[in-house]
Structures are given as C-alpha cells and as structure tokens.
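Labels for the chains are A, B, C and D, by order of writing; each one numbers its residues from 1.
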C-alpha cells in the first residue's frame, strides 16, 4: 500500500539581490545581480566595468616608456607579471636579446610576487569565509617582509616598474640576496603555521570541500587557466608546458590534482605553489649568473619595431597575455590584454547555479579575481 | 551596496525634475530636531567632548576599488596597525561608518555608487581622497572613463597623494583628519546635517553628470551629444561646485546651453555665475592639507 | 607626452593613417587625444622610415593550419604579420565552421581560446582570435577582416558570433563590441560590458572623441 | 620590535584596573542605595522610613544593573579589541587616555552624537523599537542571576525566583523577535535575510541549549539558581561541570569521610562507579553543548550568520546608525556577559572556590585573612561587604571573564558556518546528542547519590 504523496505547490517569489559594487566580499567593485530562491542562487549576472580605466586606450596613447610604468596597475597584486608580459611581447617584436642575469632576476622577482599575491589571497579568502579577526593578519606579516625586499630592489611597494623592455632596471646588491635567502629559510615554517590553522579546520573543510566543483569540460569551454584549472586536473602551467625565459633550466613540477577541483583544491594548489615558488627562487639564487641586466636602452623616446606579437606568462591567476601591434613608432597601435581574471570570472555564473548564498563568497574568493584585471 | 533596496519618499526641497530613484534616500528621525535645538544651546560645552570622541574613533568604511585598497588593508594589518588610533573597526555598511577612504580610481560607472554611499553615511562624515587617481585622475588623468578627482562628486576633507600612498601615509592622513576634527564646532557641524550631500549626481546608465542629463532630457539628445564631443580640450571650466550648491546645480536648467550650436561658448557665462558662488562656498567649505 | 612631436611624425603607421584620412590636415596639436588626427605636412615631408623597418619574413610555404583548413574546404589566407605564430585570415562566413573544426578535430585540438580582440587598422576592422591548446604547444591567430568601405554608414562592422558554441568568447565579444564597436551577429547578449550601458561611442576607435563634462573637464591641476 | 610580554602585562594591567573600577562603582551604588541610605534613614526617621527603605532595596539591583551594563560593555569591547590585537601581533587601541583605556568611551560618545537615520520606506516605529527590545531582555533577564553570583547577598534576596533558570531562558529567547523586527523594518534585503537567519538559528539552537540546562537542573533537582549554586559549593569536584554532584562522594571521602562516604554515595558498588563516570562525561558534553548553543544564541563567530559581514554586509543592523546601533552593540556584548554568567552559575559553581575547603583551610594565613576581613571596620560596622560575597564575586568575575576571553579567542580563530550546515549541525548533531545525554543522566543518577 503505497500512499501517494501529494505535492503542494506553495507560491514563492524569487528575490533579486544586488550585491555590489560596494560589498565587502566582492574584492572591490564587482556587481552581482543575484536571483535568489530563499537562499539558493537561481541566476547570477555579473556586471563588470566599475573599474574600467581604459588601460588599452592608454596603451595606444602613451609612449612605450610611459606605458610600461602604467601597467603595474593592470593587476596590482602581480605587477611583475604584467610588466613581464608586455616586455616579452615587445622583445618578441623588437628582437631584443635579454641578458641571462636579467632573465634570472625576472624569474626571481616574479616568483616572489606570486608568493605575495597568494598570501593576500589567503588572507582575504579567510575573511570571505568569516574568519575575519584572527587569521588574515598572519599572511600579511610575511607579505610585508617581501614588500620590504621589493622596495629595496624596485623602489616601490606594489607598483614596481622593475621589469622593463629589454631587461630589468636595477641590479640587486649581494645583501639583498642574503636577506631573500633568510626569508626563504623561515617562510616554509610560516606556511606550515597557516596550514595548521586552516587546512584541516573542520569548519573550513565543511565550507570548501565539494563546493564549487569545476569540471574540466566547463573549464575548457570558458578558457579557464591558472591554479583554478590545475586543481581541476589539467596540467596547464606555461612555465612547464610552454616554457619561457629560464624556466627550462629550473627544476619543478606542475601542481595538479587528478580529479575535478573544488574550492579546497584551489586553496591547496595555491599553498603548494607558494612552496614551489620558494624552491624556484632558491635555484635562481644559486644559478644567478653575472653580467649585464639590460638589453635595450631605456629612454623616453624608445621605439619598438613594426610588427605584432603575442606573449603570455603564467601569472598567479592564470595565463596573462599581451597582444601588441606596433607600427614602429613611440606608441603602440593596439594593446590588448588577455587577463586571467576576466576569463576566469566568466565561469562564476556557472559555478554559482544552485548554491546557497554563503557559498557565493567561498566560490568567488576561490577563483581569485582581481577587479582591475577584469575591468582594466 | 544597498541602493535600490530602499524605496524613496518625497523630501521637502527636492526638485521634481530629479528622478525618483536617485533622490536622497534617507530621512532624519524627528527626535533630531529636538536635539538640534539643544545642541545649539550646549555647543560650547559639547564641542570639546564631541571633538575628542569623534576624532579618536574614526571608523572607516571598507570602500576600496583598486590598488590603494590593498594598502588600505595593509594599514589595518600587523605591520602598520591602524588599530592604535582606534580606527581598525572597518564597517561594511555606510550607516555605521564615519569616514570613507576613497581608495582607488573612481570611474564614471562607480561614481553613482560612491555618491550613494556617501549620502547614506550619517553625519558627521569625512572623506579622505586616497591616491593620485582620486585626487586628479592620476595616471589615468586623460582616460575617457575616469572621474578626474573625487572632489568633483563628493566633498573631500583630506587629500592623500601617492600611487598608491604608503600605509604610513594613510596613518598621516588619519592624524591630519583627527586634527581637523578637533577644530570643529558642534553646532556648525549639526547645521550640515541636511546640506552635506554629494557635490553632484552621476547617472549610472550613461556615466554622465545628472545636471547635464536633465538638460538633455528636456531638450534634444543629439544636440547635447554633439556639444559634448566638441568640447574636447576647450574652455577650462572651474572646479566643481561644492556641497551646498549641489541641489541648486542639479536643479538649474542647463537646457539653454544645449540648444545653441556652440554651447561651450554660452556655458562659461552660466558657469561664471556658479563659480562666484563656488568661491564663496569653497571658502566656507573646509579643506585641509 | 613630452616634446616628441617631430619624432612622432616619423611613425609609419601614422602616414598610413593620413593616407586614409587626408582631411585631417590640421596643424600639430599636442592636446589631440587620438592618433587619428596627426599633422600631415611634416609627415609628408619626412623620409620613408617604413622601408627601414624590417618587414617580417614569412616562409613561402603555407602554414600547418592553413593546410589543414584547406583540406577541409575552408578558404584561408596566411598573413605576413608574425614570424613565430602562424596568422591566417578567414572570411566571416566560414569563421564559425573553421573554429568548430579547429577546436573539435583530434588532429589539432586548438581548444583554448585566449582572447577575441578588436583591432582597427587603416582600412579594416579586424576581429582577432588567439587560439591555443590545452594539450599541445600549437598556437594560431585567426583574423576576420572587415573592410571599412564595406561597413554601411551609421552601422557597425559585423562579424558572426561564436559565443553560442564557445563560452569563452562571450565576454570577449561583448568587450570588443563595447570598446571597438564590432557587432557580433547572433550574440546572446550583445550589451556593453565595461562601459556604462548607455555609453556613447567606441573608445578604442581612432576617431573616438572623449566626452568632456564636469567630471573630466580640464582643471588647473591637470597634467594635460 | 614587538614585545609580547610587554603587551600581555599592559592588557593584564588594563583588565585589573577596569574590573576594579567597574565593580567598585557598582558595589558602591548598591551599598549606598541598599544599605547605607536605609541605615541612615532608619537612624533618623525610625519606623517611618520602612516603606522608603523597601522601595530603595527593591530598586537597588535594577539600578546596579543599569549602571553596570554600559561600563561593562565598554570594558568588554576594549578587552576584545586588545586581546584580538595581542593574538594577531598588533598593539590594539592605545592612544585615547592612559594606554588606550578610554577608547571605547570615545566610541560610545561618538555613536551617541551621530546622526540617527531612519531609511525612507522603513517602518519607523519598528525600526526604533527593535534595538530596545533587543536590549531589554538582557537587563531584566540578568536580574535573577544576581543573587546567585553574589553568594545570596541579602540585597538580592528579593530577586531570587524559585524558577530562576526558566526566567533567564525565557528572557534570553526574546531578542530574536527584535532581530526579525530589525531585519523586516529596515527595508533592506540584506537586513531581511539576516533577520530571518537569526530567527531560524535561534529556534534551532534554543533546543540543545535548553536541554543541556535541563540536564543540570535534573541533577540538581531544582530550578532555583541560588540552590544550584549552593549545591556546588565545596570545591571543583562538586561542580556541575564534573558530573553534577556525582563526584561529591569522592569529595567527601577526600575531605575526611573515607571509605564510608564513598559507600554512602556509591551505594551500588561498581555499577555506581560506572554511572558516576557516565555522569561526568555527560555533564562535560552538556557543558560543551551549552557553550555551542549559547554561541549561536548570541551570534558569535562561528555562528554569526545573522550579521555575516562578508555575506550580508552587516546583516540585521545594516541600516542602523548612531544611537540605535550603539544599543545593538551594547546588547550584543551584554548578552555575551549574561551567557557567561549563566555558564558560571550552572556549570562552574558560581562563586565557589575551585580549591576544596579542606585544602584551603589548611593553607596557613587564609583563614586568618578571612577572619580579619570579617572583623574589619568596613564589614562589621559599615556593612560594605562581607567576605563570602567578596570572594564569591572575585571568583565569579574570574570565571565569567575567562569565558568571555575564550569567546574572543574563538572569534579570532574560526571561520563561519554556512546556514544549511549550521541547521544540519544543530538538528542532526546537537539535538540528538543532547537528548542522548539527557536520557543517560536520567538513568545514571538513580545509581549515585548526588550532592549528598
């Protein structure tokens, strides 16, 4: 005797919540138009452009020399990578030969920058998850130490303008390398500290495990790159799969997880990347050759030969590409950025479908989006 | 954050031309009027107390758009520690904040949000314009989408230059702001309760100032656009009208300057009238640093 | 933007621009925002530096992907633009089929669409697709060239959208529409993405003129 | 560079100064109104003052609480900020007044003088009454606790209810109505979601919370807070935390009763011992259940979903500013204090000394000190305080603020739950667990003579 269960159709209304552009969890100025059924997300529409500053327009209206000072602002958490992408694109067109010492220095500072970027991500991600009064302070402590090193070598805390077309701009002193080594010695212990607090924390596991699962098919369809896709099991790391600069001479492996990644995997991928970066910097310090650091004269009227080039680097957020068309003059004809955040953010509506309101922050934070990188 | 959530109701001195949804969305509860009279009376006694309390507990809002926001986070962290000055209580909602640090470039699309946030903050409210972008537009000075100076849309108390400013700079700006707050008069500050709105409103859908747009709506759209395009690099107009002028500017019929073929010729005259008022307003307006 | 006016005149691309727009023969003006209106007289007088600029040498043989597309009956043409990366031009009609083929065929597997960019050159609007692969090292640049002369007055250059089968292109196409004014036909949501929704003009075009109002008019502190 | 020891010293100094200040002020108010003034009136007017004295005595506790709550909240906010700073390698507020002592006073004055906004479209009456309704229960709900925490001081006899704990719980359940009101009246969707979340959360976590307290009441056999406290007197082994009196036999044996005392309490031999062990485990679980439920009840991390800052901006108080927000702020910390006090009374023996008297009285100097205090001018003549109340209050302060600091530490450590996980945790874990504990206690206490 099976009793028939009658489904009563209760009338409910969907609620539209406007999250952002000013919201503590949107990392700046993203605006999400959420259609909620209770606390379940039905539909998401991201509204971008609240930080659209016309970076590509600037590229066409600034000289090469001026613009390379500006592009640290494209992705302010990893300014070295934006500089590097532009420098590589211009060098490719121009045929500039970069001295090996400069290449090693580029790798070193970039990996340092990757660490600072991931540290900031770690802090803000835990804020997103609600641990806003304790943990986030610890990653920032180490971040400040790296910033001191950056300041010493580049003159600025965040906007380095250190990697230039043709090389790097300043040669570090030996003491700087010593300081860096000291930092590298103590930093693994700090990562252990973070992991002690976070990795196996039951609430953290509950919030991140099996949340925001990114399947390979969806990821490929949207062109997702970076730690997001590596944690989904696709070993796409430009440093290994399409090595540039001196990465072929350095020993490290691509970090992937052999399954479909959830937010916890994305967290873990970044933790492992920080450890990996330490090893890469160590190798660079050991192998650092002597010699020149600049292959092209830096001056206000600098020119790049005519032609077009595309170059990409593996930034902390994914493949950061730079498409440059030069007419041979002092300015570019067209600058086009391929920003990892912009492409990775596109999967957000896909990931948010059917998840509860609180998971928006867990998922959105795990993609690691920087809004100037999205809006330019 | 919460614009669009609140319905609006009529305010006594709002011009009917201003669309419903962008009107000031707050009202003051009636008890304030009683306090007002009392405050006038007790001002000499209250001022020192109020200033001490206000200057020592400036709660910032978590408003950050770009690079400067990261330095704003840094200043709350261990190395710089804004908590020593009692300002580590970053409130997410404008209703509970005293100060807004406009950390990062303000674009035309973001400007309406910033204006709303500013107007949602309860008096006394202070603004620190942080970074070159918010002071003049900075490196993006000539970009098509950047508001060149946040003082064009909201009144600013302290300007903090740098790109981005160091965290020590923020602490310095905070101390300057505290000094400024200590010179205030309680009764004078209370008078600003209703007047301290934004300098001008910006339309979200077109990214243009509302004062222009009202004229456009009344007159011909195309004429307005052509006038906007021809005005490139032309007459240097005065700096934005200040707080007290906001409402009158918004309501001023800007239409006449649109209907003429070369509107920027007529606009300086119209502007001049405003500018004289501006100067008076500017004198009254408080700007330190 | 320092004193580089004489050297600016030597830019080869500007000369081309002048050729396209002879009416822009105004005296030099430092405050001009776009490249479009450049001084004509000094440029005409200057020697031809374009000859000095080394033209990229392309191999005479057709590239790998050009061959591949030809085998499948899709006409394409290799462009002499880059030494390292193969750049081919296809017409708008066959764009969708070409991209479908390149993405799904097991031989090439160009399944990572990096960007869709809009480029305005002297006489064309280009929609440029950078294709990479998740599994191999191949890269390819596909260009769809729309002649300016073909674009009707008051209309936008049109290119077929690929967003319906390749989600990665969705936002890129919207952005290109927003900034460059290339309309992607049959795009599911062709709306401005970065600028405000009712924005006027396409900022990256050469003839774009900035809107100047009280938010960005000249102030005494401006560096311009 | 940063010296941790220095900072710890400063925080301890700050704590001692503040606590001494707070309780001196409050006690002087109590003494002045409840003891000194009636004594004076009686000496002057004789019998005519009887009615006045009664009224004064009745009003004393309420006035004391009203004086106590704002100062205490200021101190708790300050200590929270300083303690969080200590654990995150910072300094914390140290500019206002000596060593930042008046930081929260400045905050309070600022909030009071700030513009008070009612959003247009909001329900102005509800919007105004919500903070008051949120705050009021923490005032009158705390009243029955007074007698329990002051070792049943004569001033607070009046307020002791036979069903004290139920009154406290009933008062503690009220604020949720205020939160829903605040959320609904604000005309803001974030507020609304926050208010509804708080309703769901409070209702779910009320059950394990009440069940864990019922377990204690079952062990005690009474609902009277004073009696529950008195039962626990006599050292840590008597506390409800450790078996709710199941170890009293052991305590008596250690006190000198020997094997006879053991046999009296654990009359069934091995079964009794097993049951005593079960009771100890059950009551420790109950204690943990209560702490968890209370954390959820007062919206502390990891259960602060109603005002989840990174999700709902500020939750139910998003649209509150100035004085109304200050009241919310005040009530939040007062609730934390009340909850800690309940924990102290119900589980930690109230004002009881953890060291049993048979050890304490053998320490040279202690009994003499107590006697000296009792015979002093303050106690014997002015009746300012008697040593029992004095020491009881000291221990209560230590325990309550220890729990407060523990809550702050949790706040600085844990992330936040998700709402469905929160509900699942409440309904699927805590409620079954508390029921199981309750049933175990029902049966196990039959085989042990508790509190005897």
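Assume a residue touches a chain if its C-beta (ideal position, glycine included) is under 8 Å from a C-beta of that chain, and two chains touch if they have at least 3 such contacts.
In this text the structure is predicted, and so the values were computed from the model without any measurement.
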Comparison of A-C and B-C by number of C-beta pairs in contact, larger one: A-C
Chain closest to the assembly centre - both centres taken as Cα means: A
Distance between the centres, which are taken as Cα means, of chain C and chain A, whole angstrom: 26
Where chain B and chain C are represented by their mean Cα positions, the distance between them in whole Å: 39
Centre-to-centre distance between chain D and chain A (centres being mean Cα positions), rounded to whole Å: 47
CA centroid of chain C to CA centroid of chain D, Å: 69
Contacts with 2+ other chains: residues of chain B: 1, 5, 77-78, 92, 109, 142, 144-146
Per-residue multi-chain contacts in chain A, two or more chains: 23-24, 49, 52, 54, 57, 61, 137, 141
Multi-chain contact sites of chain C, meaning residues that touch two or more partners: 33, 194-196, 203
Pairs of chains in contact (touch as defined earlier), listed by label: A-B, A-C, A-D, B-C, B-D
In the complex, chain B residues that touch chain A: 1, 3-5, 62-67, 69-71, 73-74, 77-79, 92, 104-105, 107, 109-110, 113-114, 117, 133, 139-140, 142-146, 163-164, 166
Complex interface listing, chain D residues touching chain A: 84, 87-90, 189-190, 193, 301-302, 304-305, 308-311, 313, 411-421
Residue numbers on chain B that touch chain C, as the complex places them: 108-109, 111, 135-137, 141-142, 144-149, 152-153, 200, 202-209, 211-212, 225, 228-229, 231-234, 236-237, 239-240
Complex interface listing, chain A residues touching chain B: 18-24, 28-29, 49-54, 57-58, 61, 69-70, 73, 76-77, 120, 123-124, 136-137, 140-141, 143-144, 157-159, 371-372
Complex interface listing, chain D residues touching chain B: 81, 85, 88-96, 100, 103, 105-110, 113-122, 124, 128, 187-190, 309-310, 313-314, 317-322, 325
